[in-house]
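Next come two complexes, and both contain chain A; in the first it sits with chain B, in the second with chain C.
Presenting the complex of A and B:
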């Protein structure tokens, strides 16, 4: 990767962050919606900590914080996909294709923006959590690990959103993935301990990569950081990222072959 | 305009909304799918809550009325989004210069939402009964459906009010989020005594709590008048308030 490529990725990433802050409809799903759901679920299902088998925590918020962060990064990936599809619909991508820059730098620029937004959302939830009494067992190093995993999650989920945007070129289709985000979340241990899930969700959550990622983010808060949990989270992120990049690459090639 | 003509005009607007469902069936899918996904998802995730001592019913019985109201809320909000689209495209201006009085136009819009809200409700109930939700009895089912239609009308008034205020489809998230918040800040997840912190206070005074309890009673126990009338009263109150505000917005709308 050349210095020019890095400059292109940086410029497109910065554009993507600015674009999100200028359009509240893109920012709201990343920050507002998960914050509201976090507040309601924490107060509404807070007694869950008294269930036999619930891991020892100071409060339900300690447990839920990682779920809110991962929900935010999934929605950031979706929003990034919508913004990329809008760029395709408006012809901005065509202009980039005509410019003397790396084709894949266009996609990586968008993903860099999504990762940056995820990091900002992670900081937002960390601050909210600390204000409302979350205790991070692993202290500052734990918080750094959480932010690292949240940022990488944005990058990984952004790849899936970008692949759908490049394949379809339609914002409405990417927007249609919104309910799917919740399906994936509900079939993981994002909001409740895996052992206490009921029905098919209990089985699927055991194999859902999202469960491993969310447990990697949660571990420093409610217990102690272990290499095993961290390793599984990183491996899951690499898997999701590889799938997203492979699909994006195929979709981009097809788009160029078909004439933009 | 006489009563008969007013009824004809209202019916024509209801038929137009129904035509939309037949011509663009895909548009109704998100409104049906979203509450179903939330119902199945939340039941799987928080189902163990019903093992807490004192929890009054299996969690799926507890949640189904919440999802019914969510479905009605989304459907009602969709009426607002459709109106915003009609405003953007100029169709609503043509409606305003017609001899139909403003209350008739509003009635046509919101009553269509009442009927449309039965679509997600039917789908949800079918899914719910298939996974073992308790049969609420005919009386419980009728009350639940009446509440769903009423809440769909309330949501449509809210959506109409916002559509007339912002005159743009970009207000759609506000229309949907407003209703979602109203439903979730109640005894949606657990009985009042199980709620903690701010949600306990908000749920206690949120009128939708009474509406939800009226719809829920048949699914978790027997139907009683004492559980029904507070819900119907709150529904009537919300309907009166929001329809008055929507009508005010419509009267202020100049062509």
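Presenting the complex of A and C:
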């Protein structure tokens, strides 16, 4: 990758961040919805920490923070996909495809923006959490690990959103994945400890890559950093990222073949 | 050829000279945009070959993309970006440094008279302003060849005229321009040569003047106030071929064109024939289009026409 390619990816990423801040409907799912859900859940289900099998935590918010962060990055990936589909619909991608740049740079620029937005959202939730009394067991190194995993989550989930956008070229289709995000979330350990899930949900959560990623973000808060949990989170992110990139690449090639 | 065996373009064989303005004239669906998308490497042709600025569109698309500027139909601009941001982004896409991009943005915004609106979001721009910004962004890397796909569709006459003047200036500065249009006046006004395309095929190609000459010379319509039409036809017959009368007016085809009008008037006067009205009717590109395709060219305006 050349220096120019990196500058292009940076410029497209910056555009993507500005675009999100200038279009409230793209920003709301990343910050507002997860914040509201976090507030409702911690206010209304705080006694859940007393359930047998619930991991030892200082507060329910300590447990829920990772769930809110991962919800935010999933929705950031979805919003990034919507924005890319809007670019395709209005012909903006033609501008990029007609320029002498690597054509996949267009996707990487969007992913860079999604990762940056996820990092910003991660900082937002970290600050909110600290203000409302979250205690991070692993301190500053723990917070850094959390931010790293949140940022990489945005990158990984952004790849899936981009693949759907490139394949369909329609913002409404990508937007239609919104409910699916919640299904995936609730079939993981994002909002409930895995030990408290029962039946098929427990089985799915056990293998859901999202559970490994959430545990990686949650571990430094409620427990301690372990290479095993961190490694599983990274491996899950690499898997999701690889799938997203492969599907995006195929969809982009098809789109170019069909004429943009 | 698209999926389903649809040939959007078949039988397009053309060559555009360096520093020429070439207009591709045809109705919606004629194949103009498909041709432009292939020449700008946005669509891979399924057959045939094409070179732009010496680069093969299939074998060296990157070379083509470095040499061309593209302003596509309906100005594909992000409404959330400002004009300045868009040109800076375009500069980055073409490998210019940040400083070069800033300087280019200033110069181009001034060139297309958008300095005052430079830091406003494009969504607040009028149709004419968006077109000018799109044109400016296509010029950021000083392309050798500029592709303009229906650059003035939907614009009011004043905005249209502004774009034409800008295109003429660019051409004077040495840029080769390939434009598509469904406006006869645009092709007539701007183009050194016109290719008429219909149903994916070029049906005629030449300078606007020669195309019009191909279907006949201008003719003079003379309404008499005094004297007989037969006598008038005898007089004007010395200057060209008399045509069948229309609404009582005497018609004569003038092979010499406008320069023969004054001698005709003098001859009629010397013959004692009083002239009430005299009209020199030039053939239009629409006449050419009708002759070549069997139907008139009727531009389709977008439903949301924009004014400044």
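Keep in mind that, in the parts below, the second predicted complex is superposed on the first by the 260 of 260 C-alpha atoms of A that agree within 3 Å, B and C clash if a C-alpha of one lies under 4 Å from a C-alpha of the other, contacts with A are read in each partner's own complex, and residues count from 1 in each chain.
The rule we apply is simple: a contact is a pair of C-beta atoms (placed from the backbone, for glycine too) under 8 Å apart; a residue touches a chain by one contact, two chains touch by 3 or more.
All figures in this text were calculated on a predicted structure; none of them were measured in a lab.
Following the overlay on chain A, a side-by-side fit with no clash is recorded for the pair chain B and chain C. When both complexes are overlaid on chain A, the residue A:36 reaches chain B alone and has no touch with chain C. Greater residue coverage of chain A by touch, when chain B is weighed against chain C, goes to B.
In the superposition on chain A, A:44 makes contact with chain B only, not with chain C.
Touch criterion met: A:198 reaches chain B, while chain C stays clear of it.
In the superposition on chain A, A:254 makes contact with neither chain B nor chain C.
Computed from Cα centres after superposition, the angle at chain A between chain B and chain C reads 90 degrees (steps of 10).
Using the contact criterion defined above for the overlaid structures, shared-chain residue A:28 touches chain B, although it does not reach chain C. After superposing the two complexes on their shared chain, the closest approach between C-alpha atoms of chain B and chain C is 13 Å. Common to the chain B-facing and chain C-facing surfaces of chain A is no residue whatsoever.
On the side of chain B, the complex with chain A involves touching residues 30, 33-34, 37-38, 40-49, 51-52, 59, 170, 173, 177, 181, 184-185, 188-190, 194-200.
The touching residues of chain A, counted against chain B in their complex, run 25, 28, 33, 36-37, 39-48, 50-52, 176, 179, 182-183, 185-187, 191-192, 196-202. Within the complex formed with chain C, the residues of chain A that make contact are 4, 7-8, 11-12, 15, 18-19, 22-23, 87, 90-92, 94-101, 256-260. For chain C in complex with chain A, the touching residues are 3, 37, 40-44, 62, 65-66, 68, 70, 72-74, 76-78, 80-81, 85, 88-90, 92-95, 121, 137.
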